[in-house]
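Once you've had a glance at the structure underneath, I'll fire off some questions.
Note that the chains are named A, B, C and D in the order they appear, and that numbering of residues resets to 1 at the start of each chain.
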Amino acid sequence: MAVDMKVTLCGKVLKNPVIAASGTFAFGQQHSWLIDVSRLGGIALKSLTPEKRVGNKPPRIAETASGIVNSVGLQNPGVDVFLEKMMKRVALFDTAIIANIAGRSIDDYVAVIQKLNETSIDFFELNISCPNVRMGGASFGTDEGMARDCVMAAKAVSKKPMIVKLTPAAGDIVRIARAAESAGADALSLINTIPAMAVDAKTKRPILGNVTGGLSGPCIKPVALKMVYDVSRAVSVPVIGIGGIMTGEDAAEFMLCGATAVMAGTANLVDPEAPLRIIDELTAYAKTMNIDNITALTGALEV
Amino acid sequence: MAVDMKVTLCGKVLKNPVIAASGTFAFGQQHSWLIDVSRLGGIALKSLTPEKRVGNKPPRIAETASGIVNSVGLQNPGVDVFLEKMMKRVALFDTAIIANIAGRSIDDYVAVIQKLNETSIDFFELNISCPNVRMGGASFGTDEGMARDCVMAAKAVSKKPMIVKLTPAAGDIVRIARAAESAGADALSLINTIPAMAVDAKTKRPILGNVTGGLSGPCIKPVALKMVYDVSRAVSVPVIGIGGIMTGEDAAEFMLCGATAVMAGTANLVDPEAPLRIIDELTAYAKTMNIDNITALTGALEV
Amino acid sequence: MFKKVVATVKENSKIAAGIYKMIIACGDADIRHFVPGQFADIAVPGHAELLLRRPISISAVNPDNNTAALIYQIQGKGTDIFSRLTPQTKIDAIMPVGRGFYLTAREKTVFLVGGGVGIAPLLSVTQKWPSKTYEAFLGYKGRDYAYCLDDFENACGKVIVTSDDGTLGEKGFVTDALGRRLIEAKPDIVLACGPVPMLRALKDILSPFGVPAQVSMEQRMCCGFGACATCVCGVDHGEGLEYKKVCIEGPVFDLFEVVL
Amino acid sequence: MFKKVVATVKENSKIAAGIYKMIIACGDADIRHFVPGQFADIAVPGHAELLLRRPISISAVNPDNNTAALIYQIQGKGTDIFSRLTPQTKIDAIMPVGRGFYLTAREKTVFLVGGGVGIAPLLSVTQKWPSKTYEAFLGYKGRDYAYCLDDFENACGKVIVTSDDGTLGEKGFVTDALGRRLIEAKPDIVLACGPVPMLRALKDILSPFGVPAQVSMEQRMCCGFGACATCVCGVDHGEGLEYKKVCIEGPVFDLFEVVL
């Protein structure tokens, strides 16, 4: 018997719960050279900011035990160039499109949302891991008040369902999750990368040009699972699980911990075929477990 | 030319900067069956509490990508039994002895310190990752005020140098570090394990009897390095680097990031000979780098 | 006492469905004092991402050529990798570890009760204490999963075999077979190794007969030599629950004290 | 266009101190349209803890038997593992990737400048555009590190060799040798590959002569196919600094535009 892989997120039906995570799928083009992008449940585009960003000084990637540390730094063409040159191609993918939005101030977030409101984009994802320049650079996502203000302002102008992407750098992620929910978030996605660093003992230098970066990959899965478990029990909006998902079983673990859908990030970069493999493996897992509707996994952990 | 491996920590000279981390070396006995414990720079004993603790429900260990999640839960015989039955044997090791102290309330910490004040123990290490029962279970180490109060109370009764061990679960570890320093900490050690979880998709159950636990091992090294780098630049007391140290180069990386000494944890469990190997490798590294005094590494990162 | 040794794979082959037997040369390990029930704690070679050693019971030792036999089932990543190790591969093992089965002069008739891969460690009991009278109760999933049957036939006065699917011996639980046999004959002690449900059934069946029993427990382990207290199981000597380390305080415990 | 393929190791052997040559059968890769300077991005087999692929230039292709040659130096963990791969091992590679060297009818004399393991990718330039006149300037650490010398002798009108320690050819920097030669003869273009200090010296030496040059850049990479923007180097076309992806917008860049 076939497994029904569809999941509903904020009223929209996804083909399956596997979404490509922001920053690991660019705007879909490079992966489309190698795989059928439309088989995915959705794709989250690289973070967009109002202005073009050149990004951080290279090197921007370091390899660590079962993980990677990146410091790309939101390099993106800016929302206007995106709209002019890339949106058309993105719209051709037959999958849910999530525009990930970043900024240095609340106005930045609002500006990007307003420009994307009339497109065929399906969801917004608010990347609140960004430093708030007005507040001395502390990230929106590590402060309850800033997170709430940011989400409220974004919701006020948004015409699309709003996913808020949480950062593990928050001391108490459940508090930020609750704040985002009460400010109107339609869904939460977590986790973004964990602040980290890599050093080359031989040269006595940091490996990254930016000194520090964000850790992702299988190494962070245990941390992400706990956060998804804690957050999904604390809020009533749907949660999207992210962090080190490399296989269908990894995806299943996040769903068991309460996720409605998942995002694979590092996996897409390490193996361009990974997102499709993850879908296939998750389907096979559901079959083995005699689950005919993948939604049955969400929160089904037996504690 | 021989490398001088000695480091000075709060006025006490250690043979070398490699210390066994608390909870991964018990009270030294098991390792002494397999290695010469006295070759270590120091050993941090398993956390001691006023009363005996039976610890958490098994299973207590899960394997994750390049890491482990444990939920031992401070199982220990209590400080009285320790003094009566174990202290004598511990005192025979010719290495610096660090008593790690845990509690559910400030009184707990104070009680243990008072009982150990007259022993030959060299340092106290305050494990402030523990939940404060009076404050609804939030950990002392995640709240500036609680951390300060705890350190001040402990310092007030302590007759030995006081290391305060920080938890990565703090949203802003630098703030807690500063609070601990201003409350009188003589040194800081970081990081403790990262809150985490492991799930068995096949059984749909958490692997740990306690559901959640703490992540350690090579997977956390990039996170720990950044915290050590940030904290050591923010405080003037010495910092002990901990997190995923498996090799001499790993130890060197922490020292480059500002650590005066390091603690290896998971490594001791995975390979009982690891601490000695780490010392040898660190010595060899220093030779290769033409460093004749290992203290030269501390903070020598070229950024 | 156990040591950390570099052992060498001598043979490694499938002996039943999903079950393998590996013969290793034990390097510096002290196997002369091996006690049945003890295990080797083996690092997974060539896989830096898998930090934990895998505990595998030593099913037999041969001090003459310094080898030990390990019988293991493919369970997950580690044992799958073990099954593909070729002769001459060096493996990092801590061995022999643990408190094994313990028989005194008082116990003359011994019933051995094993389930699945738990059958393996019981065989060496008959080698260690050859002058006892043994009966073996062996439960397999089915014919394809059976191994070491001849060895037990040779070493024991009686061997009763059961299988889950009835393809070998009696169909049903090995503990049920034991229960029927107990009505006819009562041993001085039962030594058992197998999955927890089997051990629970064993406890229920033995209780009314007042027969003492030692059982080998499994638990997820980290260090395997007593330093971390992750590997515990609950034990109650009558003074409340205590957690004991399976690695060095076990793996063999009194069936009537251990929490199953 | 590049593909993700399952390639097979055919040969793998040491050709100089710390330098290896691996011949791989390229599976479904489209190597007929290979351009010199392109690379293969190879996952480290059997090491789940090492997530990143390693980029290695394709030094030659043979479309007749669908093979490619990779010449690589042991640098760290990944290349060390590569050096121990045995024939028949399957490897996961994305290939051929990147914008390679580009010659038009206008360039008739070409100087090739290579340092160390950067020498390897230059050889295929002479195969791709056989009708040009070539001179090669090859810098090695020393005699023990030299490889492919005969191939360059065959393919180029002139080969000038330098070594750091003077054990082979002239002692000194390859760029100094080039500088002396430029006084006698000026090529239409220089194609170069080697460490950044060499490329910087090259820029200094070429500037006064107004000779255009293309250089192959190295950068730490994550995906290797354009999706992550981790692999960038700075490029300035005169409109301010921009970061370009070395994997698909390079690895070959204009020496006078790239930030070294």
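The definition used in the following text is that a contact is a pair of C-beta atoms (placed from the backbone, for glycine too) under 8 Å apart; a residue touches a chain by one contact, two chains touch by 3 or more.
Since the structure is predicted, the reported quantities are computational estimates derived from the model, not experimental observations.
> Where the centre means the average of the CA atoms, what chain is farthest from subunit A?
Relative to subunit A, the chain with the farthest C-alpha centre is C.
> Taking each chain's centre as the mean position of its Cα atoms, how many Å separate subunit C from subunit D?
That gives a centre separation of 57 Å.
> Quick check: how many Å separate the C-alpha centres of subunit B and subunit D?
Going by mean C-alpha positions, subunit B sits 47 Å from subunit D.
> With chain centres defined as C-alpha means, what is the inter-centre distance between subunit B and subunit C in Å?
36
> Where does subunit D touch two or more other chains at once, residue-wise?
As it turns out, subunit D has residues touching two or more other chains at 48-49.
> Identify all positions of subunit A at which a residue touches two or more other chains, and write them in rising order.
62, 65-67, 217-218
> For the protein chains shown, what form does their contact graph take: line, ring, star, complete or other?
Graph shape, chains as nodes and touching pairs as edges: complete.
> Please name which positions on subunit B make contact with subunit C in the complex.
23-26, 29-31, 33-34, 46, 54-55, 58-63, 65-68, 70, 72, 75, 207, 217-218, 266, 268-273
> Report the residues of subunit D in contact with subunit C in the complex, numbered from low to high.
46-49
> In their complex, what parts of subunit B are in touch with subunit A?
Those in contact with subunit A are residues 62, 64-67, 69, 142, 169-172, 194-199, 201, 203-206, 211-212, 215, 217-223, 225-226, 229, 244, 249, 252-253, 256-257, 285, 289, 300-303.
> Help me check something: in the complex, which residues belonging to subunit C touch subunit B?
1-4, 43, 48-53, 92, 94, 219-223, 225-234, 241-243, 248
> Looking at the complex, which residues from subunit B come into contact with subunit D?
65-66, 218
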